[in-house]
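Some structures to go through are shown next.
One chain, chain A, links the two complexes that follow: it is found with chain B in the first and with chain C in the second.
And then the complex of A and B:
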């Protein structure tokens, strides 16, 4: 017995070492997904009810086949990128490649459009809208965060005094707990006409706004045009919560981008200088191309992560903003906390999970070649 | 070069000062409001006429706020200890011990990072209520410390960070230790842990902040106030009608304070690990 033990002690040790973590992670990390799928097939209000099959999904999506067409559309969209990136250098004339991939892109947009309209007609409009809202949130938040982060990273890259101090301050918002941060934003972006923010924008001649209490779409406020549907943009209330996201994550991305800037080998710059390149040329020809993979990567992972934004939106939500701040996580939480529809909420969760996985596939396709250049 | 000349350095300074101001402004405003009278706060003054430090005493001594803060400290502390206890051995095993299916297990655990928290929340709730299988320590973990902490004892992300660090420790050290008859456990305790202290500190801070921030989960499983953490108490404070903003801000400030303090002492390590992780991800 003891001989067997000593022969396999290495393996046994390994398994014992990972056992506690493995148990907890599989129980609380992996098992819930499968159980969630199981729940979504049942009528489940606090306790398990009868088996429903795909009825919950039917109610959410209106028509399950349109959902698959929608997913197919997303996948084809990824495929169009793949065609473009794979063949643009291999073919002699990259114009044909461009035509083909944009044709594929058009097909995908068409599929997405018809399937989405179809779902909107028959399905749970609240849930589908919440997907649009989270798309707004993620898209606007992440592009602003990375864009501003890039600017800050360039500033920090210079030879400045007190760099460490600046970096420390920059991460303050990232550290601040979302509930407490949301509480301040809740006050700063309040509806009082004489609030600091409203007086500040008054200096530039703008009217006071209701911020978190305003459910009008941003296009309506800015340009005075009322449009329905996707292109109306987020409501002012949702935009304010996007501002919170920007406040809290910009510093974080700036730090990562700064690290990205500083691993660009300096001999490249020296070579460029020796060749007589201007600073602008160096920036366009060396810095941006070398930084591009990181920027792209941050945009994509950040986009996926933002889909899970919850805490601060929950805190900043006001009843006058109506459903325009009910992003998908809030919608799901609402369904099983307030309305105790567990099975339904689980089905919504599974739909979100599928969409996130498609996004993850796109991440894999785009980054299948490694990012490193060392 | 994309570096600026001496004279032009004014531009990055201006950018950084603006950004710095915007970063700390909400915190400064929080301080300012927390020192106002409730009238000044609801009229959104910029600064209080006379700073009222009594607000802090009022918040601190009212509405069980001390209890909530203590709860948060206990919950977060326990989670940090729990996470370290499970993650350090696991990270060590994944980095240094050879056993069958090691990498398969590791990568399938990593995949769980992809799962949105909101999906897991529901089944978690059923597990915690003891609906799925019987739980140790009582039929249900609702409204209990176990329920608040145990689900967070395993963290793939933290295992990943630790593993990356432990991998860099040279294998020769282990070979030498084994010659002297050391066990894995002994080697882990005497060599690996002391050598990976920087990452352990960072990871603890990370886990602490994560735990301190946790909001949806406690909101879900707590129906009584006994174990309310500060986040949930502040949330219910906001949702109350006629909230006094000055007290709300004083409460928020008190509950941010521990996190800021910890961050202040470990910021260098924290910065390093963020910039490393972001690139290696």
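And then the complex of A and C:
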């Protein structure tokens, strides 16, 4: 026994050291996921009821096979990008590569379209729409936050007086509790003619808006075209909550990107300057490529995190906005807490979990070549 | 051999622990000792009402030796959620405030208990004289929706959805109190196109600011001679002729700019107080809040009235919120909780609570209480509200009505904002019936 111990002492020590972390992650990280899956297979209203199998999933998705086709479509879409990025430089004529990857992309879009239509016809339309709403939220919020954050970081990277003061100010929105910030936004974006924002835009001759009380799609408000479906875009109400997200997180991203900027070797900028590069060329050709690992990280984690946005949307949602602010977390909360349908809510959570995993894969494939400085 | 024995032991143990052998029996209730117990009471009351209830709990403790912990849990929905999600745990409250539909939801999952076992106790229960004194307020607590007609609710107060209005402004407009929806719409539009002489601030005038909750929706449907639920078929009828007529009336006012969805919570009350809104529809339980808002605002004459109706007599939305007992499976605590419930609904406390809160009293004998008589004289609106309770009609006391309320609120707001009435109500009705079916499915 002691011989075995002395032979494997190094490994045993290693396992002992990781044991607490393993137990904590298992208990609070992995177990809830599997327990959620277990709940999703039962009728569960506070107490566990009868075994349902995949009935909850059937109700949510209408047709489970359509969901897997949808997931397959997403994966094929990722594959199309992979084919293009992997072979465009390896093939003599990149046009053929373009045709092949375009063909794969068309197949993926076809699969996504038919499977989604099928799910919408037979499944829980409220839940499926909530996935679209959260996609709008994440897409518009994260791209704006990281984009604006990059510009702010670049501005702060210049020699400015009071730079540290601005850095501190940038973090204020991030540390403001979401419930409080959401309540303040609710007042600012009130629908009354004399609400703060309506008074403000009135100074520039614009009509008062309903903001959080307006369920009209942004395409209808901006361009006057009434379209249904995915390409209609978010409602003005949801867009307002996206603005909250932008307000809250942009400064945080700017600070991280500023830290990233500081590790870019200064001689690169000096060389570019000596070569006569403009400030814009320097930004595009040096700053962005070298910041790509950080941008990738922020986009990936930000996108996944914002899929779980909840607090401020809960505070800001209004009945006049209808279901257009019912993003997926609100939908799950509603089923879990208000309707006490624990099993059903757990099934919705599992569906979201699968989609988030696909998103993580897609972002990895898209950005994998930009993860290093090579 | 050993394996078989082990299986038998496991089976018997499981049977004993899961059977009703350990449920509280009538004999346990009779032999219970409530003294020294602590009753957890979860409420939706806040501010002065909460303080008043806490003061009552202190008096109760001094008299009986039973402690009552009163906890504010948020609005009714939050009280219900807290009770349901803590079901089967020691954290659940012994008594909670709620409506019949919440009680039904809780009872369905074992989070609430049938109070009959306590009411029928010769030692701790209620007398026939008490029951007669409660009258309809006693019988309304039974839920015929379930087998055995359990008593799930112990009525503690009554309130009713009424119209609050600025009497001075209506006089300035040369109009009298609206009796029909058409008269109401006429007054709302006249107010929107005028400015009240006593207005405080510069907020534009508005006839009617609508709090789009399900109770407001139901109030207008009732006033148009209809209902939102058909107990015969056990189905919602949110797209019935009365609901359509009510929504046509509301949307008509909205289209003319005379009514709009409320700007914020309690904005209807606030702007009525400032003299920029003519009408608000709200519960009589908020009578003191309206009184304060008006006194702090235009400080003039105001009145309450029945909801304008197309029926020969008013039909008004009556709220019969009551006390729901958590299923703690502890006879001593149950008896302690029931003594508290009886205490706060006795003749004296029912009267005092009514004057403190604005709720109507639940005991006939409370009507002659000096405090009630004094309040009737001091606040004519309160006096009038008590007279309107007889026109009351309740919202559905069926499982999952709380979830349906959320759907009604969205559909109601959509209609006011211009969505097609018929298709919106049809979708709402389908959704409501689907929620109900899902809730009662095993």
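We adopt the following convention: the second predicted complex is superposed on the first by the 328 of 374 C-alpha atoms of A that agree within 3 Å, B and C clash if a C-alpha of one lies under 4 Å from a C-alpha of the other, contacts with A are read in each partner's own complex, and residues count from 1 in each chain.
One rule holds for everything that comes next: a residue touches a chain if its C-beta (ideal position, glycine included) is under 8 Å from a C-beta of that chain, and two chains touch if they have at least 3 such contacts.
All figures in this text were calculated on a predicted structure; none of them were measured in a lab.
Novice: Output check: A:190 vs chain B and chain C. Expected answer is one of first, second, both, neither. What do you get?
Specialist: both
Novice: For A:339, using the defined touch cut-off, is the partner it touches chain B, chain C, both, or neither? Pick first, second, both or neither.
Specialist: second
Novice: If you stack the two complexes on chain A, which partner ends up touching A:215: first (chain B), second (chain C), both, or neither?
Specialist: second
Novice: Please indicate which partner A:267 is in contact with in the superposed arrangement: first for chain B, second for chain C, both, or neither.
Specialist: Neither partner.
Novice: In the superposed arrangement, which partner chain does A:247 touch: chain B (first), chain C (second), both, or neither?
Specialist: In the superposed model, A:247 contacts chain B only, not chain C.
Novice: Touch check for A:207: first (chain B), second (chain C), both, or neither?
Specialist: neither
Novice: Counting residues of chain A in contact, which comes out ahead: chain B or chain C?
Specialist: B
Novice: For A:329, decide between first (touching chain B), second (touching chain C), both and neither.
Specialist: Touch status of A:329: first partner only.
Novice: Based on the superposed arrangement, let me know which partner A:33 touches: chain B (first), chain C (second), both, or neither?
Specialist: The answer is first: A:33 touches chain B but not chain C.
Novice: Once the two structures are superposed, pull the chain A residues common to the chain B and chain C interfaces.
Specialist: 47, 186, 190, 192, 194, 337
Novice: Under the touch definition given earlier, write down the residues of chain A that touch chain C in their complex.
Specialist: Touching chain C from chain A are residues 43, 45-47, 49-50, 186, 190-194, 213, 215, 318-320, 322-323, 334, 337-341.
Novice: Please output the residues of chain A touching chain B within their complex, sorted ascending.
Specialist: 10-11, 13-18, 20-33, 35-36, 39, 47, 148, 151-152, 154-160, 164, 166-173, 175-181, 183-188, 190, 192, 194-196, 247, 250-252, 255-256, 258-260, 263, 269, 273, 279, 282-283, 287, 294, 297-298, 301, 307-308, 310-311, 314-315, 328-329, 332-333, 336-337, 342, 345-346, 349-350, 352-353, 356-357, 360, 371
Novice: Which chain B residues qualify as touching chain A in the complex?
Specialist: These residues of chain B touch chain A: 1-4, 9, 11-13, 15-16, 19-20, 22-24, 26-27, 29-30, 33, 41-44, 46, 85-87, 89-90, 92-94, 97-100, 102, 105, 108-109, 111-112, 114-127, 131-132, 150-156, 159, 183-185, 209, 212-213, 215-216, 219-220, 231, 234-235, 238, 245, 248-249, 252-253, 255-256, 259-260, 263-264, 267-268, 270-271, 274-276, 278-279, 281.
Novice: For the complex, give me every residue of chain C touching chain A.
Specialist: Residues 77, 81, 84-85, 87-88, 105, 108-111, 202-204, 212, 261, 263-264, 400, 402-403, 406, 409-410, 412-414, 416-417, 435, 438-439, 442 of chain C touch chain A in their complex.
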